[in-house]
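Given below, in the form of structure tokens, are the structures.
Two complexes, one shared chain (subunit A), two partners (subunit B, subunit C).
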Partner chain A sequence: MNRLKSELASLKMFSKREFIIWSSYRMNAWMWVLDVFFNTTIFFLLSLVTKGSDISFFPYGNNYVTFIVIGLGVHYISYTNLGDPFARVSKIYWGGTMDLYLLSPLSYYTPLMGIMFRSVIDDYPRVILALLFGGLFFGAIYSVANIWLIFLLLILILTSTLGFGIISASSFYLFNFKQNTEPVRFILQDIIIALTAGYYYPLTVLPYPLQVVGSFIPHTYALDAFRRLLIPGGDLMARVLPIQLLIDIPPITLDILILVLMTIITIPLGLFMYVQGIKKARREGTLTRWQ
Partner chain B sequence: MKEKIIDLKSITKKYKGLDLDNKSAGIVFWIISIFKLTSNKSQSIVALKDVSFDVKKGEIFGIFGSNGAGKTTLVKILSGLLYPTSGSINVNGYNNINDIKSIISYISTNGWMGLEWQLTAKENLIYYGNMFGLFGKSLSDKCDDVLKELDMYDAKDKYIAQLSAGMRQKITISRGLILDKPIIYLDEPSVNLDVNSSKKLRRNIQEYVKTNNRTAIITSHNPEDLYICDRIMFLYKGKVIANGSIRDLKKPLNNFRILAIKCRNFEKTSLKKLQQISNVKSASLSSIEGKREYQEVKISIDKHETTTGNIIDFFIDNHIYIFNMNIHKISLNEVYEYYINRSENE
Partner chain C sequence: MAVEYAIKINNIIKKYKIKQRAIKSRYFNAIDDVSLSIEKGEIFGLLGTNGAGKTTLIKIMAGLLEADGGTGKVLKYDLYKEHKKIRAKVSLVAPTADVGTDNNLTVKQNLEFWAVVYNLDKNLRAQRIDELLLFLDLKEYEDFWPMSISAGMRQRLAIARSLLVKNPILFLDEPTVKLDAKGAKAVRNFIKKINKDLGITIILTTHFIFEAEELCDRVAIMDKGKIISCDTINNLRKRLKKYDLLEIECSSIPKDIIDQISKWDYIVKCTYNNNLLNIESLKVEVSIFEVLKLLRQQDLEIYSVRTKEASLESVFISTLNNGRNSI
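This part shows the complex of A and B:
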């Protein structure tokens, strides 16, 4: 219990430090408000192009702006949880602070989670801003009939993307990827997710093989469930994703089950790989660049 | 007889060699890197070879060695940051990393020193203390005390980016002292400090160890740092070449003085001929021409020897131009050189 308390206190300490650093760049707040506003505006303008066309968003209702801001929200979460852990481990390494963290009584994961807080402050509020700007200025409408289910889905997309993020971060030490790119993040985030997550268009518009590829990322299921639940007119029962067509379970239930499965596979695997990477670095003497 | 607090037996550390030929990028680089997880064919570098020593409780123990001798590797192994390839470590009865790190404080002045440059000096200390489970007013007071001891109190609200390299180093040292652990490792503690600050730091370390009954290990390539040590261990190319008090280490050279000659055109092959002169005990070439305008030849001579004429004749006969020469007592550096020569001749 004391150990847990100490880890939580340390997380608070890391968060405080990250907040002090983040707030020392005063332009930051204005920059990201404007960034989200312009992103939302671009997709609003795109929605004007699609207005009156026969493009179908079935089973996700007919409001393209709501469709898009939900996509943007998941994109911001993924950008932090999946994309950031590798960058943070890289920062620890190049900053020469891994030694300090490992000399402390903290667990291997606390410093990583702690310094990720900078991205949490930077990116999570963008989710709220995107939903807010969409609703206030561009005609997005939300249906919040099942708030607990939405909350559960939010937790699941946070944890499942974080699992992939930690796997990506572990490759820094485990495979010695000390350059800026590594395959997990590059292949997942920059190729598969960018193409098949369906941030900006329904997955059903893609050729079937690409829809199958999209079945291996959590974004597909989170977006499917969020859009059915949050967009007015969303159909809760129609099955459209490849796996939904194979398994006879209500789509949202299936989405949740797959997200749970992805979480329980990726989080322990990521944590295990991360520790193995550090142990390997301890053996090889590659823990920090200052040996 | 003081009890042993650190006991190392036959520690060897091999680093995986750097693969400098690998120019691949992108997918090829990824595949090669993943493949290397299971297959490691790169040649390894031996950083430490069969190192054994012990440190007594309450002792200040020095590790002296030239660059690349293995000092930092050794301290990192002692603090659990690196795993040895073979051998055993016992620190205060512990050999498990988690137990070892609970009783040591490691002050490294390498690289960026892990300081957060957007935080003030004191915020850095608080942040570090928090990491080790220290909080509140007691931590704040402790930080103030340590900053005062190191003459850094006036700079406590300055950002790290506003401090000089020496001041940043003092913050790093303060960071280690606030933890108040039984064993303290100082890795090159005076590397950026001016003469007065170095002197004061040495005094502080000595007082701190005595007053609080602590044990300190200091690694350095600067002999000045180590004159406060009860015992010193010489490391050379990863091997222990001598270990003992300064007096003991100097014993084989008690009857000698050093004749240091700054000259030009001294061929390395002339060393052997020089050593054949009757009153020359040993000779070494300390600096290579090209780096500086001159070379320095150090010659051990009997301390009762009154004439150096035959040595000067040797230089004249070999057309070696002498800039200046002086005779002085043996320094720690020269003792180190003596043990290097001895180990290489063995």
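This part shows the complex of A and C:
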């Protein structure tokens, strides 16, 4: 119990430190708001392409701005959770602080989670802001039919992408990927997600093999469920994804189950790999680099 | 009374893999059969050129690096099975103060952050931080950004961080390497103070010979992963016959006075020829006053006094040469 308390106190301290740093740059906040605004604008401009056309977004209603703003929101979460753990571990290594964290009573995971608070502060609120800008300026309309379900999906997309992120981070020590390009993140983020996540278009417009590839990433299920629930006119029962066509369960239930499954596989696997990586680095003398 | 050891390691080996080509790699011994005993409360120096294996050795002793062979205990904890317990009981300061110092936080905020990370009792944190700021002369800079204080102060901040938890062992890896003479002197004074006032065993690495000479009770001279000599500085000098020299030109000295001088502490050899008194001493700065006082008491005329210190540098170089010849 005491141990948990001290780990939580440390996490709180990390978040405080990251907030002090984040807020100490006043320009940051303005740049941050502008960045989200312009990103939303770009997505809105993309939506104009479909204006007046009879392109179908079935089963995701008929408001492409909402469709694309939800894509932007999931993109923010995914980009942070998938890409950030590796970048943070890299920062600990190059900054030379891994040794100091190991000399503290903290668990191996707390520093990793702790320094991710910068992204939590910086990136997660972007989702709310993007949805807000979409609604206020660009004509996005949201139907909040089931707020608890949306909240549950939000947690699941956070945890499942974080699991992949920790796997990516563990490769820093486990496979000695000390440079920026790390295969797990590269394959997932820059290839599979970029091609098949469906930020800008429904997965169903892709060739079937790509739809199958897209079935292995959490974005597919999160976007499917969010869009059905949040876009007015979304169909809750129509089955369109490859796995939905195979398993006879209501689509949103299946989306949730798959996200739960991805979470319970990727998070323990990531944490296990991360510890193995640290142990390996302790044997090889590559825990940190003092410059 | 039996000697209490803070650290005792035997035949430690550490090999690093070096990639030569895409597939081919070779191993080299970063630490090669090193045995060492460090007493509680002493300042122990690891002296050696760059790449001698000093940092690797302290990382092994701090539980941050696993040895490939040998045995050892740090504070009675096994080096292999209880490395987590070792890490919880030792502190470490890296060669650069920037390690662990966040330039976006003030001096005090940095310490507050690490106090929580090191799980310092909530009720004691503020008091401990204040104590350390005062102890290391940083109190008036507590609200400064680390970037706006001197490198020496930043190094003291790093030392303050390492002292937040009252651990019995402190490892200092080249603590003055990036400091100017003034900053380095201040840090050395604080190292002495920490050892004297807090009773902490300090193991420091350095390639500054004068630093080892000023600070260390004992030194181990390392070269190519081996310890080629380990002793007090005086004993190293004795062994290598590297003594300070004191030459006093004076009027004739009675033989009994020469015999008397020969028996004093630190005096290795005392001879008198042609009005020249030649003394080989382990500590010329002590001997000079005692000898001059005695000669004056005897009403002898002193014409000139010359000293030549046998620095640790000459001992170091001789030891390295001897070590390399015997390897």
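Assorted remarks:
Assume the second predicted complex is superposed on the first by the 290 of 291 C-alpha atoms of A that agree within 3 Å, B and C clash if a C-alpha of one lies under 4 Å from a C-alpha of the other, contacts with A are read in each partner's own complex, and residues count from 1 in each chain.
To be clear about the criterion, a residue touches a chain if its C-beta (ideal position, glycine included) is under 8 Å from a C-beta of that chain, and two chains touch if they have at least 3 such contacts.
Small disclaimer: the values here were computed from a predicted structure and weren't measured.
With both complexes brought onto subunit A, simultaneous placement of subunit B and subunit C is prevented by a clash. By the touch criterion stated above, A:A9 is placed in contact with subunit B and with subunit C alike.
Ranking subunit B and subunit C by residues of subunit A touched puts B first.
Of the two partner chains, subunit B and subunit C are each touched by A:L100. By the touch criterion stated above, A:G52 is placed in contact with neither subunit B nor subunit C. In the superposition on chain A, A:P207 makes contact with neither subunit B nor subunit C.
In the superposed model, A:F177 makes contact with subunit B only, not with subunit C.
Of the candidate stretches 23-31, 275-283, 311-319 or 329-337 in subunit B, only 329-337 runs into subunit C once the two complexes are overlaid on chain A.
Judged by the document's definition of touching, subunit A residues 6, 9-10, 13, 17, 20-21, 24, 95-97, 99-106, 282-285, 287, 290-291 lie at the interface with subunit B and also at the interface with subunit C. Contacts from subunit A toward subunit C in the complex involve residues 6, 9-10, 12-13, 17, 20-21, 24, 95-97, 99-106, 282-285, 287, 290-291.
By the touch criterion given at the top, residues 6, 9-10, 13, 17, 20-21, 24, 95-97, 99-106, 174-177, 179, 181-183, 279-280, 282-291 of subunit A touch subunit B in their complex. Listing the residues of subunit B that touch subunit A in their complex gives 13, 15-16, 25-27, 29-30, 33-34, 36-37, 47, 72-73, 76, 79-83, 85, 98, 101-102, 104, 106, 108, 110-114, 116, 118-119, 123, 127-128, 130-133, 135.
By the touch criterion given at the top, residues 14, 16-17, 30, 55-56, 59, 62, 64-66, 83, 87-88, 90-92, 94-96, 98-100, 102, 104-105, 109, 112-114, 116-119, 122, 173 of subunit C touch subunit A in their complex.
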